[in-house]
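The following blocks contain the structures, represented as structure tokens.
Common to both upcoming complexes is chain A, partnered first by chain B, then by chain C.
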Partner chain A sequence: MTADTTAHDIEAPGVRIRDLTVVYKTPAGELPAVRGVDLALAPGTITGVVGESGSGKSTLALSLLNAVQPPGRIAAGSVEIDGLGDVLTLRGEDLRRARGRQVGYVFQAAQNSLNPLKTIGKQLLDLGRSHDVEDLRGLVRDAKDLLARMGMDGARVLDSYQHELSGGMRQRVGIMLALVLNAKVVVLDEPTTALDMITQATILRIIREVHEERALTTLVITHDVGAVAEVADSLAVMYGGRVVEHGPVTEVLGDARHPYTQGLIRAIPRLSGDLSLARALPGRPPTLGTLPTQGCVFRERCERRMDVCETDEPMSVNRDGRTVACHAADRHLTLVKRKELV
Partner chain B sequence: MTHAVPGRPRLGAIARKIGGHLVRGLAMIWVVATISFVIIREIPGNPVLGQYESLIQKGMSPEQAERATAVLYGFLPTGNLWQQYVGYMGSLLHLDLGRSLSTPGVEVTTLIGHAARWTVLPVLAGTLLSFLLGVTMGVYAAIKRSGKLGDALALSGSLLHGVPVYVIGLLLTAIFATLWPIMPSGGPVDVEFVPGFNAGYIGSLVHHAVLPVVTYTLASYGGWILAMKSNVVAVLGDDFILAAELRGLRRGFVFRYLARNAILPLFTILALSIGMLFGGSIFIEEIFNYPGLGLLLVNSISSRDYALMGGTFLVITVGIVVANIAADLLYTAIDPRVRSGGAA
Partner chain C sequence: MITGTGITKIFKQRGGVLGAREVPALRGVDFSIAKGGAVSFIGESGSGKTTLGRIVAGLESHDGGEIVIDGVPMSSLSHRRRQPYFRRVQLIHQDPYSALNPTRTIHQTLEAPLRLRARQTGRPRSWVDGRAAELLAMVGIDPGYVLPRYPHQLSGGMRQRVVIARALTMDPEVLVADEAVSMIDVSLRLGILALLKDLRERLGVGVLFITHDIATARYIGGDGELYVLYRGQVVERGATEKIIADPVHPYTQSLLSAIPVLHGLERPGAERVVPREMQREGEPDGGCLFARRCPFSTERCEHEMPVLGRDGGPGEEAGEEAGQEYACFHPRRRSVIPVGVGE
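Let's turn to the complex of A and B:
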């Protein structure tokens, strides 16, 4: 888990998301799916983002490529990537070139991210031509190497259509296409969703290995806390469009400070032991329409809510390398009993 | 699903597929020929026997009358059904469809061949034009669907799709042949030109073909634009289009991914409508007095020319059967998912 990334730190770019707000146009007006998110991805690390459906994590991921789809719109903030500048100011050709070349994106349900009518190899060549790769033979060689690295027969895969590959193979092809142009920032949106356990484990191992080999800065979006625990260095927890807690993965999971994070961890069923130990978080995640406009977004489901939660939105407070946005965690941090957290 | 080489079926598999199609196609044609044989035999009043008897009444000997009728219909009017059927099928194998009644003595195949010349080219031109136009506009209508241009295009499609072809034809004739007479009102060609490969004749042919072709194009344009628009909108929502954009693919590539996936289902319809063209377009040929297959069919029905009717139906059937086979083979060629015979 603790990767020796020092050798790569010089190469890997850092990513700083500042005050990012993304709104979606709805009949009820523009509603924020991501609101005021500050998140720094340290160079050469894997940052995991977890949250329930609708917490804004996929929207956050798309923001890194300035690719929020209508009716969504990035309303405010900046996404600074070293060597690229603020992605949100990029337009047209500049933006297109940055996508794929500097920021690789592994699509949510990457199993459907391939053109069904073209072989993988031809799509690879389209990608190379789009980014003015002169040495297309070299590109094919790199692709084969990457595929071999992920335990596949490169030549055979490049000669295949998507329907001739299994889900896990397509996912690896998606990862190959995100990496083959040597992108140093890689965003993986739900990379293991809809895969069986064995394939999940393989994909996670591959992500970890390739990340270290290539000195990448990686963002992994998932709703699976277990998956994130396996690959990430740091963990950001999203709820209702906010990052409610962020810190090193072992600390956040081992000593969660935000009541939502604590609830998430309690909800994980264990493979061994009593299944009833897993407790589901009461209530439902908010949707764009039900998100409270003032106060804490989590208060409806929170067992530690206080009067102040109704009126004031908690600020992100940074303490010894961890940020938490919670009035209760803020005030009672020292009072919280440790046994409750483990 | 495993292959020796993925996506590349062996030659033997292709040959087997084509062979299977041919056998099925021939079987279908045989079934239709049989049905049309039985129907002509069983039509009230029995035209074959009627012809036979009227010839005898005119003073022919039964043997002469039988031979004359056999020449007309391609099968013997007397004898048991089975013998007649075998005789009919035998002449079919020689592409002998009998002789026309309304144009006495002329072989049905000759009549059909003449009419086909006036049908195939204009209808083919109309089909292809409306396909190209409808598909192109359909893509625009889909991409600009939230703007005024997209609305206007979709509306034009719905309107034209709803207007019957004869209304379009009559309207065009009224405008361009009567109100503002720049186009001939009917007929396939002006009589003063000598048929042959000369500028005057060909110019006149084209001049006369304009209104029928435009009518045909407008009549089927609406269907294409609406189908293409909904296909493009569906493919736009597919993950791989967004994925291609997120990989930074050039707009040209993304557009090609989009267009090729969206147009795929339309090729089947296109192949089938090309097959239908042997039926001609009854309304258009009637309005523009175009002596094509549609008009031939109408005339054969109104003059109770059963041999011609049977022959025309058979040609239409063969056209559709062949188009079906072509559509299937075409799909195999352009969709790799069909090619390897597996589900996507």
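Let's turn to the complex of A and C:
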């Protein structure tokens, strides 16, 4: 990734999530929404995390801000961000400062995360004051530049209330607020959900361009494989709180190894291709309460399940820059290797 | 059979310096839905697609044009006499989470309309329970499991199936499905689409499918018809597969170009079209409605409004066979949709 760093001299930071487990308190005890997740975001890349409802993707994203709310609790692991350290050890003021300054966050439905009683400009100034920005004029200037960069009239937008802006405009305001303090790590949670097709395409293009111009490390969380395919460099697939597959986006989509990824790709309505080959995955995504406590979390919907899947949870295996957690995928590769040896 | 001719709808916006402003939501839309047919309306927010669905379901009035159900023009009937006709059209809501009453079990949810149906058709009360189970089985869920449960105990996919089963209690001729899969998990979407297709074939129910995602329209039946709506006007119309493969109107091409490419499996179409600007609210009329955003517009487009037809088109027989029509002065075929990597 070549990034234009002339205006922004800091290099994109790397992010390393290690063995992260987040549990939620339920009547049935503490259940893991995210379990043992290892995920590295390479500096200057866009990583897409795709998963269905209950896959733990939003919980994972909140962990980057150490912002998991009760009844949730980060039970184990670390989130190391270059230049900041382990976010999970930050407390109080340090944590508050890091949010927004180092890690920008564009919330799911940014449309609804703005204050309806204040103009966008007032909210921008609030943000600046809470982060002790001395040059508020400079902040407004930066905000206007960013908005203009995304194809909007900055002065007009800052004078507007959120109801005066369309969904696509509010989404761009959300991106501006996440970037205006010069955060180098940006998390976007469902950035294009509820937007029209053409607006979605525009927002995805803007995310890509701003990412490259400002040398960011970006994480995009979504249920929409298509949106991620369009924008990301690497793709992590989550299921039942685990990252079941991770690798370069073209490889994961073009040659999926985990049966869930394969099934998900087959289930995407597409414009071309044979309709008879497309089908829904059997069963339904697990919830916290229905997650199996041992063995593979996907086995009940899997067409390649084996005896070992009932008892042993598959380990993540890294091969040629790709990670897969599946007994069957593993076995397939081992068999191929053996054949080559003979 | 339901037909609509010249359907118009105008919303009056209050406020503004000059008082009420009129916003046309539908500008003379013609359509027909045959028994067991599939008609899809595609468009962005503000295109009028949801308004059209509500008019077809009898939930919204219209300002001009005529809806004809089974040969009877609705304008000739009083509000009360219209009701039995509109009962044959049932609406499936977008959000299966808010479409079901949370304080009622699925059994209670299905029982009320089935009792009404039993009275209408002179069936005994005992018919109701059996029919509820039958309908749930028809939409692919286990009645024994679902009937005693409340909506919050079911997944989104199951709830949407219950919503469809409830719509079927009235033995409808047409189901209006407004963004019926947009809130369903990706791995389950095709299941709901396949169910709608199956209901068409098994029960002869027509489907009016309303969505912003063109790709899903392919999956409710290849024999379907597609209408592309822009700001209340049908700008392109024809067989679903034909329009997707060979779009002629620059707006249709923009919509299709905006669908994400699954890199690794597909490569982008060679002539993807990107609108010059984003949509603005309160744009003036006059000329082609898409002219300001269209990369191919000419001076004529600024002043004259094109009508739906085949004028100036590529003039190819296959397109005419498929009944493809468009409202554009400069129609041209462009390859905009992704192509499989292997092809």
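Miscellaneous remarks
Just so it is clear, the second predicted complex is superposed on the first by the 317 of 342 C-alpha atoms of A that agree within 3 Å, B and C clash if a C-alpha of one lies under 4 Å from a C-alpha of the other, contacts with A are read in each partner's own complex, and residues count from 1 in each chain.
Going forward, a residue touches a chain if its C-beta (ideal position, glycine included) is under 8 Å from a C-beta of that chain, and two chains touch if they have at least 3 such contacts.
Just so you know, these numbers come straight off a predicted model, no measurement behind them.
Because the two structures share chain A, they can be overlaid on it, and in that overlay chain B and chain C fit beside each other without clashing. When the two structures are aligned on the shared chain, A:L127 is found in touch with chain B, with no touch to chain C.
In the superposition on chain A, A:V23 contacts neither chain B nor chain C.
After superposing the two complexes on chain A, the angle subtended at the C-alpha centre of chain A by the centres of chain B and chain C comes to 70 degrees, rounded to the nearest 10. Of the two partner chains placed by superposition, only chain B is touched by A:P116; chain C is not.
In the superposed pair of complexes, A:D255 makes contact with chain C only, with no contact to chain B. Contacts of A:V324 after superposition on the shared chain: neither chain B nor chain C is touched. Of the two partner chains, chain B is the only one that A:A98 touches; chain C does not reach it. When the two complexes are overlaid on their common chain A, residue A:Y161 makes contact with chain B while staying clear of chain C. Put simply, the nearest alpha carbons of chain B and chain C end up 7 Å apart when the two models share chain A.
Within chain A, not a single residue is touched by chain B in the first complex and by chain C in the second.
Interface residues of chain A, counted against chain C in their complex, comprise 52-53, 151, 166-168, 196-202, 204, 223-227, 229-230, 249-255, 263-265, 267-273, 275, 278-281, 284-285, 287.
Interface residues of chain B, counted against chain A in their complex, comprise 1, 3, 5-7, 238-240, 242-251, 253, 257, 260-261, 264, 334-337, 340, 342-344. Contact residues on chain C toward chain A in their complex (touch as defined above): 44-45, 155-158, 185-191, 193-194, 212-216, 218-219, 222, 244, 254-266, 274-275, 278-279, 281, 337-341, 343. Residues 65, 67, 69, 96-101, 105, 107-110, 112-119, 126-127, 129-131, 156, 159-164, 174, 177-178 of chain A touch chain B in their complex.
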